[in-house]
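Here is the structure we will look at.
As written, the chains take the letters A, B, C and D, and residue 1 is the first residue of each chain.
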Amino acid sequence: MLLRLKRQIAPAELSAVEATARSLGYECEYLGQKQELVQLHRRTDAEGPERPEFAARFADLAGVDAILDRGAVHDLWSARDGGQPTVVEAAGARFGGGDISLVAGPCAVEDEARLLEVASAVAARGATLLRGGAYKPRSSPYSFQGLGRAGLEMLRSVREAVGIGVVTEVLDPRDVEAVAEVADVVQVGARSMASYALLKELGKIDKPVLLKRGFGATVSEFLGAAEYVLSGGNGRIVLCERGVRGFDSITRNLLDVGAIAHLKAATHLPVIADPSHAAGRSDLVRALGRAGLVAGADGLMVEVHPAPEEAHSDAQQAISLRAFEALAQDARAIADLDGRRIVNLSDPAPPEHTHELSPR
Amino acid sequence: MLLRLKRQIAPAELSAVEATARSLGYECEYLGQKQELVQLHRRTDAEGPERPEFAARFADLAGVDAILDRGAVHDLWSARDGGQPTVVEAAGARFGGGDISLVAGPCAVEDEARLLEVASAVAARGATLLRGGAYKPRSSPYSFQGLGRAGLEMLRSVREAVGIGVVTEVLDPRDVEAVAEVADVVQVGARSMASYALLKELGKIDKPVLLKRGFGATVSEFLGAAEYVLSGGNGRIVLCERGVRGFDSITRNLLDVGAIAHLKAATHLPVIADPSHAAGRSDLVRALGRAGLVAGADGLMVEVHPAPEEAHSDAQQAISLRAFEALAQDARAIADLDGRRIVNLSDPAPPEHTHELSPR
Amino acid sequence: MLLRLKRQIAPAELSAVEATARSLGYECEYLGQKQELVQLHRRTDAEGPERPEFAARFADLAGVDAILDRGAVHDLWSARDGGQPTVVEAAGARFGGGDISLVAGPCAVEDEARLLEVASAVAARGATLLRGGAYKPRSSPYSFQGLGRAGLEMLRSVREAVGIGVVTEVLDPRDVEAVAEVADVVQVGARSMASYALLKELGKIDKPVLLKRGFGATVSEFLGAAEYVLSGGNGRIVLCERGVRGFDSITRNLLDVGAIAHLKAATHLPVIADPSHAAGRSDLVRALGRAGLVAGADGLMVEVHPAPEEAHSDAQQAISLRAFEALAQDARAIADLDGRRIVNLSDPAPPEHTHELSPR
Amino acid sequence: MLLRLKRQIAPAELSAVEATARSLGYECEYLGQKQELVQLHRRTDAEGPERPEFAARFADLAGVDAILDRGAVHDLWSARDGGQPTVVEAAGARFGGGDISLVAGPCAVEDEARLLEVASAVAARGATLLRGGAYKPRSSPYSFQGLGRAGLEMLRSVREAVGIGVVTEVLDPRDVEAVAEVADVVQVGARSMASYALLKELGKIDKPVLLKRGFGATVSEFLGAAEYVLSGGNGRIVLCERGVRGFDSITRNLLDVGAIAHLKAATHLPVIADPSHAAGRSDLVRALGRAGLVAGADGLMVEVHPAPEEAHSDAQQAISLRAFEALAQDARAIADLDGRRIVNLSDPAPPEHTHELSPR
């Protein structure tokens, strides 16, 4: 590890750096004319390997200006040279390693007959997972908050009737068990990305987690959130870029396609795009969905409603079944460009993919 | 209420608007040459008064382009003509109605002797509440996460020893009871602002809530979060502006002084500023604290550490005791400008203030 | 036109609205219970047609809260029902109407031999226009500012030697004539988007203008800038989205693919993307270029340098010739997806396209 | 200077670094185990002193990852230890060194009688400079563009009649001479901050320049713009923070009070705040003006209109004469807090201040 010290470091600050280094098994080599650079060499008799939290310990010290090189210490999300991409599987869906899956459905679960209709319709048009919220985070306490447990039960019935896996959001750490029991993929919404109590619970479950980026979160914070789940022992994470807040109001958010491409290069985790929340208007969902896929996304998550004008929430951004069909067709053509595959529910079971946490 | 319909509304969308109006007790008057404006008149035989959630029901409809005038329906946070500002009291502190209180202390509770030292020192220099996190939201799972229950116990001991109230953060809805038992004011951090499960729990407790604005949240979303607590029955909320995310890196965040001034005009709730998280660097904390106060803030929340270079978190932004003393002096001078008062721990008990939810 | 008045309008403010209406040939119809909506009806004896500036006259009045419907008044950039998209042609390039052209070259013109080499190389790999700055806007006065007139002369020689048109930037209204004499397309950079004196000069020339969106500009401001050129009489504008400022530093800017899709729907003008300035790092240029094209862009503008490590400016974001070749191949595949065409220098001359300003 | 090289630097990239070092008079010392740090030592026989542009030359090289320490090379705007703050004087106004001046007036110059009325009124209430635009940058070509030369003539007459200096904006480098002839301070608006051709012209004039920060510009870019004027030979610059673009719409912009405090510490130049453009609504101008002053601003620039509802532009943000009087009173009280002075037109002529460029 290479540290840069503050220009005018106080003696107490310098001692703190050296004491931290000693306690973690490092020796200090001072570089530069002003000795303001510190190369930390790991002592051969140091206990255990270098760990990501070591860097954080130095970053927190007042005398340290920057950590220039974290050396051999990698976070669990980090792509390693020669490493394989992680493929996350859930019900019939597969994300990563060249496999693209489409997730579609209404914003919120509203009634069972309607949900059944949507589920069959999107499954027939290329979706491999059904989305639908039983718990809805809404800016106003007076907005529709979702049906809760009753919504979960509807998802369960429809899941069995149609044979499609379901993705649904959990807001409260106390609901993780109940949601994970029904869901094939448990979703963390953008507003909950930094709900670390929730993420810690999700590190313990045996279901994949679809983690949405907060609309005000940096990519580094997004990956820190993923690390909470990974370090808890759950290696099956799908990252989801859904747009960040911008200064213009023509779209609800700005789909950060650069972040998608960056994440595909920097991590081994699958990444999908949510063009519906990014656009916030149905007429742009197709363009943003296409853009996410060509930037490298391993899937899309789209709000689809058979009668968008009757939806209880997010009506403006839901697309019709016909529009979803067009987008699915686009997805197939885009997958072909790069020799990737769109996963279909009718595909035969895939060869086993590994999704265990690789040892560091 | 006055709605503007979409330019090219589908018949099904129009029916949905009319059905919603009927079910909520309204009659529709169509205005404009193209009949694109709908004035909703409340039927005299309608059940119950107009409620905030009615507007949300229309806002969710696909046929509705905008709600131009919500009429007589107000949220609980809303300032009303001739209404009194809410004064929130906790231990010896008072926020609002001309009373300014200073909250100071370390970022995190680290050890008891040190906490006792800080508490006495800030109390002696003008603070009326001690801040200090037992539960810390950190971007990395490998960063110091706070001492948890042990930290709460330290806060309790120090609170009793020094005679100063404490503000501490809760992250997990399951910890609300334990935190509220110790804390005089329960804090919701910026990353938890949209954790609605947590906010609902806080609506039920009998302790004031210090609600921080999310760094990516609009003022409207901030007030929506406050409304979750208010509508749950807890009227004692202190809003806290702590900076929003910007594109420049000279400061950690942008202190939104315009939001402070706006909130003071638009709501009856007290508003404070957190210059420490806004600046992210100790040399600018004083300037931002002053700016928050002259913009109308009813208090400040500041990170103070007797030896900033040894802090486990947020070392760069903690100010020294000497710097806090200077800021407290500034606060007194600024309070004088407008005939406001800085509350001191040694003040005699104030005349009773009301902080019940006013009936709408 | 439909205006919404301020809630508590002063008599003087109301008179000002009525006087403005009269002077522009309108009669006022007041709507709503509080008469806060004003429908403006054009008098049959009014002089001349409604014009875009009429709305602006009302928008500037203190009594007017919003202009809800501008009626028949359209800006020149506006797409009209049944209207044809504008195709902008320059040298062998064509933008719009299904034609996609690639613009490539170095950030700055540095020396003639090198420029000749790049020009031949990019032309051979699919570029139809050569980019290269003779005048460079740099944040520091001590950075390389471009070769100026000497750079223009190099562009002229290389243009003739290679047979490829050139795009080059103008910064100063006093240079418009000199730049327009050499350039096939005159570029307005992001920092100059709101340099209205410059835009007015460009409204008078007989060369296409490539107008980049300011990194802090809304789409509405971007279109306002285009309107300056259009209303000056020059209808040949190519809009260029090059990323807006965001809060994260993983990329230099955020490519606003939603804006590309929106502009393609809302205007009749061609739109291209500049993935180089958006990414600010060469490894993401391909992904962003692809994303821009599938979102609807009629072309790409890319920084290419045969030896990126030796470039005097923007070295991090220039891609190699090999990378450009890959991107051009992607572009052809993406064009095929939608039945669009990549224009090649070797294409036979196209059937005449019209690019006159259509009458409103 | 200390450079950090790219992790995997190509041989050609390394050669380019070494060649650049040699050509600028440096020797290279490689540090670190991987030799990835380069300490540049200035050769004693090197020609001339180190200059700011040297760092930029390295920053532009592809092999250089970061410049960690620019050593002794300072930009002209930079505050030096023990250096005096620059005081900029114009007509009766003085900015900096403890002197605070208020600039007030209408957005645009509209008619002479009205301007005379405003000028006298604001002068009587504490303004030492009159603001008013003869050339107005407007987002739409159909909005009022200012009266141009006729507006300048009005400013000249009113200036003489009232005895107050004037600040007015220049948009076009061709107008610099004409504007500088009339104006006591020449203003560069936010949209022109990066109009380097204009800034270069302003480096040559003998009038102070009021430089507004672009609403999408970093502080570093803002200072780069100032450096254009300073390096051209004009040392009389007043920096003006007027708000940056944010994601919320409650205010037009976010007043960056942290930037004001940072600039006061990092530069020797005076800094003022423009609360009118930051707020975009008259009711918040006072709060933002106060906030700017306590954060360290050496003055305010405020839009004042005797009849805001009749203004042709920016009506929403202009404050009345009564409101300006209150703000001026606040300014006096805030100046007192820190032992600073509000400059009045009736003050006796100050002792001579120096405003020459100090030698580096």
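Keep in mind that, in the parts below, contacts are C-beta pairs under 8 Å (C-beta built on N, C-alpha and C of every residue); 3 or more make two chains touch, one makes a residue touch a chain.
These numbers were taken from a predicted model, which means no experiment stands behind them.
Trainee: Pick out the pair in B-C, A-B or A-D whose interface repeats that of C-D, meaning over half of the contact pairs match by residue number.
Mentor: Selected from B-C, A-B or A-D as the counterpart of C-D: A-B.
Trainee: Please compute the C-alpha centroid of chain B, do the same for chain C, then give the distance between them in whole Å.
Mentor: Result: the chain centres lie 42 Å from each other.
Trainee: Whole-Å distance, chain B centre to chain D centre, using C-alpha means?
Mentor: So the centroids are 34 Å from each other.
Trainee: Any idea how many Å lie between the Cα centroids of chain A and chain B?
Mentor: Each chain reduced to its C-alpha mean, chain A and chain B end up 29 Å apart.
Trainee: Among the residues of chain A, pick out those that touch two or more other chains and give their numbers.
Mentor: 216, 220, 244-247, 249
Trainee: Using the definition of touching given at the top, classify the network of chains in this structure as line, ring, star, complete or other.
Mentor: The chain contacts form a complete graph, every chain touching every other.
Trainee: In their complex, what parts of chain A are in touch with chain D?
Mentor: 2, 4, 31-33, 36-37, 39, 68-69, 245-247, 249
Trainee: Provide the residue numbers of chain A that touch chain C in the complex, in ascending order.
Mentor: Going through chain A, the ones touching chain C are 216, 218-220, 244, 246-251, 254-262, 265, 278-279, 283-284, 287-288, 290-296, 330, 333-334, 337.
Trainee: Can you list the chain C residues touching chain D in their complex?
Mentor: Chain C residues touching chain D: 10, 12-13, 16, 51-53, 56, 60-63, 137-145, 171-175, 191-192, 194-197, 214-217, 220-221, 224-225, 227-228, 231-232, 244-245, 307-316.
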